[in-house]
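Heads up, there are several structures right after this.
There are two complexes below, and they share chain A, which is joined by chain B in the first and by chain C in the second.
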Partner chain A sequence: MKKKRVIALLLLICLLIGSLWFLQRLFMPKYVDEIFEGRLIEEYYENAGGNDVMFIGDCEVYENFSPITLWEEYGITSYIRGSSQQLIWQSYYLMEETLQYETPDVMVFNVLSMKFDEPQNEAYNRMTLDNMKWSMSKWNSIKASMTEAENALSYLFPFLRYHSRWSDISTEDFTYLFRQEKVFHQGYLMRVDVRPVTTYPAATPLPDYQFGETAYEYLDKMVALCKEKGIPLVLIKAPSIYPYWYDEWEEQIEAYAKEHDLLYINFLELIDEVGIDFNTDTYDNGLHLNLSGAEKLSRYLGGILRETYGLTDHRSEPETAAKWQEKVNFYYEMKADQYRELEEYGYLKSYGGRKPEE
Partner chain B sequence: MLFTSYSFILFLTVMFLLYYAVPKKCQWMLLLAGSYCFYAYSGIHFLAFILLTTVSTWYSARRITRIQEQQAAYLKEHKASMDKEQKKRYKASMKKKTKRWMLTCILLNIGLLAVLKYTDFVISNINGIFHTGLTFMNFALPLGISFYTFQSMGYLLDVYRAKYPAQENAAKFALFVSFFPQVIQGPISRYNDLSGTLYEPHSLEWRNISYGIQRICWGFFKKLVIADRLLVAVKSLVSAPDEYMGVYVVLVIFFYAIELYADFTGGIDITIGIAQVFGVKLAENFERPFFSKNITEYWRRWHITMGTWFKDYIFYPISVCPWMLRLSKKSREVFGKAIGKRVPVYLATAIVWFTTGLWHGASWNFIVWGMLNFLVIVISQELEPLYAKFHNRFHVSGKTWYNAFQILRTFWLMGAIRILDVYRDVPLSFRQVGSIFTTANWNELFNGGVMRLGLTMPDYLVLVLGALVMLAVSLAGRSGSVRDKLAAKPVPVRYLVYYALILSILVLGAYGIGYDSSQFIYNQF
Partner chain C sequence: MKKLVTVFISMLILVGCGGGSSNETTAASSSGAASSSAAVSGYTFKAGGTVIAMNAEAQPLIEAIGGDPKYFESASCAFEGLDKEYTYSGFVLKTYPVEDKDYVNSVTLYDDSVSTPEGIAIGSSLEDVESAYGAGGTSTVKEYTMDKSKLMILLEDGSVTSIQYIAITE
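After this line comes the complex of A and B, so read on.
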């Protein structure tokens, strides 16, 4: 009797765990409709290792730099570990995690997130954290990122967060239950459409221009980590004209870079030199560059990186070249798909991530 | 620490593991330590209040018992040498002493409760009447103060009435006052009922664990799947009273009745289930109240421990106190026997309902709510002969349809009174109820009105199914324990029910971000 009871109880527990595991997969957002950014983090694990340059940051890296261009122009292998509104502590922990997989020759960090000193938004946290693989870096990133309403347990068991999606389940949740389609190009989110800049933002006065202590703390940690691993850290400010980059912020970053002997490039001051034309090189009025702008910017940055750090040209290495050729092919296929969509619909319907439904 | 929070579930798990790991004689001490940790979680400074009530009640009760023992010993010793009159005088003098201790303790504790809970209510009334600008004190209310104060005072009065001797061990008494599952929303336990299982050693028993967890899960189902989901609609309806009148007030009555039932009974299910897991038996607080055929019956079946507390410690003492007996005599002389004998009963009932209302909250809404209950009870009793005539004339008593009519009548009547809980003031509550008869907007229900209340069609579907399950369990409970019935089923059926229950809580429960998970309604009293 007792044995029977124990077996039944164990079966119940197994059945519950199995059901919850399945339901968790089913309920978690698949990010296949427009908000592809939720899948940026997870694609890295298939491509980890062998990258010369690692970009870390928010949308100002994953929408403004094209690793494929860096490869084609200079034979530089690179990856972008970026996600939407990626806060500086998330960037730090992603950097820490990345260094568990590989040791790049150069680390590039976009400094826009210095403006945030506190956790911001659960939805963005989720896009950055949910698909990180389990490690101490992920746990520390969760603890640093949670807003007041969030609970760490719901990151351990995302079912607790997404159970309320039971009534929103669509066929896509079943289609992408155990598989995902590749969307990004070494962490780059491609957009070929054009929406020119119409107005330039005015500088709205802020009550305080000083970057916060927490932001500096994590920037210090990045510097220390890169130093420990012997990796040069390059600070950049991407040429996005929104949100406004204040002179006071610029001064602080310049002073920090000087103090820590870091290379800092503010592309906002190099727009003409890079050749960016905000009539043709942005898809959202200057927030982000489109493919044309990203390729120009990558070409320019690649030149600096090669000259400054003497990065190796891998194009003559057959194995690496073959591997990258596949990436290049996928890049041009998507590019062609996106232009075709633009021509057919007048707008990007699937962003090339999935074939538009006929 | 809310019962439905992750931290409470973790706390409970740790308590459970420790409880059956420590030596049995230490189990009650662990419960005490856990209860104080649980209490301190709400604010460490609140411990001072519960400690004050505990120490003052324990000491006063002990002194009362000492006096009673002293009296018994003295009378025994001087049995032969004292005449009847001497004994009477001696008893009276001793009674006076015990009464002094009892009254001092009650004044201290009820005074503390009154100051903390009602000061701002008094100030707001003074400001309103005399147009003064007295500053509100904004005292923070210690967790469960209404519940543990009443439970302690019940104990004190029982000791005073020599129902049982006082607990000698202060720590044991502290556990009785602070036992963590019940400290926030009851049930209001009696010492002689609870002390047996609270202090005795318990072995790990499958039945207790299994039944306890089933009861906890059932409570979670009612709270998270039904009550917290309905809360969204109720909040929408009452936050815009001008927009939601007429038929929407009917919805408020209906939704709030179900929400409160699921919330409060769910909370009590969790409480009783937790206690059972620790081998402690708590009193039941509900007996299918929505099947009551009249308001008196309803109050015998809803929040039973509160009702019996008011009956035993307010109604009876008032009914037999000297001034009430004098009033009774006088009223018989003035109004005649038939009416005169009712005056003291109705007066005591009025006092009980006034204090019941006040106990629920420091606002006129609750006082009017209490007095309306009193009014309906008095009218029902006065109309009793008329009902009897009607029943005899039309032979409707016991007929299924008439029973259903009585049940529905009680449900809606109680629901209409209950909405004083939800609207911000008394005039608004009356206006809203009045609008049912003056606003002809019944068609809005079928024109998408209910879809604007923050709930989706799947939510309503869950609510309907959840309410049906609740009804089915309630009906099944009429002929005995539902858990006993389930235990008699074949193993696959039983475990399938457990599986469905747990999974439905986890999937359909209104918890986490995206839901405004509320605290239990009765935590606020």
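After this line comes the complex of A and C, so read on.
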């Protein structure tokens, strides 16, 4: 009798855990029709391994560099572990986590996030953290990222956070319960549309231009981690005209790079050299490059990476080439589809575009 | 067994009642203390005859100011909605979106063709600033808070170099 009760109790516990797990999967946002960026972190895991270059950072990496171009032009394999408003401690812990899966030849980090020295916004936190696989890196990233209003329990059990989505549950939540459709190209978010730069934003004076201690702490950790693993760390500033990149910030990064013997490339100073034309190469008035701009930038950076670090051209390796050919096919399929939508609707209807009149 | 089932159902209900704010997902609107019916409070800037309060609905103010400002907009990393920037003669007005409306996020004075209602402009002295708003802060950064607004005045060598009205949105 006692044995039966124990078995019943165990079954009940399993049922409870299973139900909670199922509800959690159901209620978590799927980021299917909009805000695709919510899926960036998750998509890495099925593409982990074999990447010679890893990009880490915010939207200035995942919207400005094309790994497919790096492959086609140089045979360089790469992945962009980017996410929206990725904070520097999140970048560090993603870097740490990535190194559990692979050891790239080069790490590239975009320095814009040095401007944030404390937690910012739960919505962005969730997009970076919710779909990280559980590890100490994730746990430490959560602890470093939480705003005052957040609590760790809601990250351990996201259902506590998302249960209020009950009224928003749709068939898509069931369709994508256990699977996702591929959206990104080795972490790159493609946009072929064009919204040119018409004005440049004014620089609002700041009371203090000094990057914070926390920002420097995590940059130091990145440097140390890469050094420990024997991986060169390259610092970059993407050619985005907003948020404004102050001269005082630039001076600090230049000084830091010099002190730590790091290659630092500020693409804002190389716009003409790269060949970026803000009349044709941006889809949002200069905040991010579109496909045309991203390919130009990737072509330029790829040349530097190959020359500086002697990266292997993998195009002659049959297995790697076959794997990447699938990625290339998907890239051009999406490119064609995006141009088709532009022709049909005047904007990227299925890809988060804005209607022309907006 | 009945007791066990009761416990199971109770736990499911309790979990469902925990944490989180209602009707808000991660794609919820950005934070803001916006008020479409805000009485004018806090520090305000006057553009001609138009009083600009922080967190006030922006469109009526922009229409009232008129003119032909230079316009810049920036989308956030992922979410919908645009931060907008209107550059007028002497000042820049920035807005933030909440749902389908824009609200005043900041006003920055960038030359001495305009001044605060208290008479402080680019080039004013430290003494003038303290006389108008009070001491406190440092000789290079003065921050004054009133209601949901902040007035930040930056100085260099005893002279004002920047005046910013900033909305407090949290």
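Keep this in mind: the second predicted complex is superposed on the first by the 337 of 358 C-alpha atoms of A that agree within 3 Å, B and C clash if a C-alpha of one lies under 4 Å from a C-alpha of the other, contacts with A are read in each partner's own complex, and residues count from 1 in each chain.
One rule holds for everything that comes next: a contact is a pair of C-beta atoms (placed from the backbone, for glycine too) under 8 Å apart; a residue touches a chain by one contact, two chains touch by 3 or more.
Here the structure is a predicted model, which means the values were calculated and not measured.
*Asks:* Using the touch criterion from the header, give the chain among chain B and chain C with more contacted residues in chain A.
*Replies:* Looking at chain B versus chain C, the one contacting more residues of chain A is C.
*Asks:* Please indicate which partner A:Ala336 is in contact with in the superposed arrangement: first for chain B, second for chain C, both, or neither.
*Replies:* neither
*Asks:* With the two structures laid over each other on chain A, which partner does A:Asp284 touch: chain B (first), chain C (second), both, or neither?
*Replies:* Touch status of A:Asp284: second partner only.
*Asks:* Name the contact category of A:Pro201: first (chain B only), second (chain C only), both, or neither.
*Replies:* second
*Asks:* Applying the touch criterion given at the start, work out whether A:Ala8 contacts chain B, chain C, both or neither, answering first, second, both or neither.
*Replies:* Both partners, chain B and chain C.
*Asks:* Pick one for A:His163: touches chain B only (first), chain C only (second), both, or neither.
*Replies:* Both: A:His163 reaches chain B and chain C.
*Asks:* Show which residues of chain A both chain B and chain C reach, each in its own complex.
*Replies:* Of chain A, residues 8, 12, 15-16, 19-20, 122, 151, 153-154, 159-161, 163-164, 167 contact chain B in one complex and chain C in the other.
*Asks:* In the complex of these two chains, what residues of chain A are touching chain C?
*Replies:* 8-9, 12, 15-16, 19-20, 29, 34-35, 37-38, 58-59, 84-85, 121-124, 126-127, 130, 151, 153-154, 157, 159-165, 167-168, 198-202, 204-205, 207-208, 242-243, 284-285, 287
*Asks:* Quick one: in the complex, what on chain B touches chain A?
*Replies:* 6, 206, 456, 458-459, 491, 495, 498-499, 502-503, 506-515
*Asks:* Along chain A, where are the residues that touch chain B in the complex?
*Replies:* Residues 4-5, 8, 11-12, 15-16, 19-20, 23, 122, 149-151, 153-154, 159-161, 163-164, 166-167 of chain A touch chain B in their complex.
*Asks:* Where on chain C is chain A touching in the complex?
*Replies:* 1, 4-5, 7-8, 11-12, 15-16, 18-28, 30-31, 70-80, 85, 87, 92, 106, 108, 110, 140-141, 143, 152, 154, 161-162, 164
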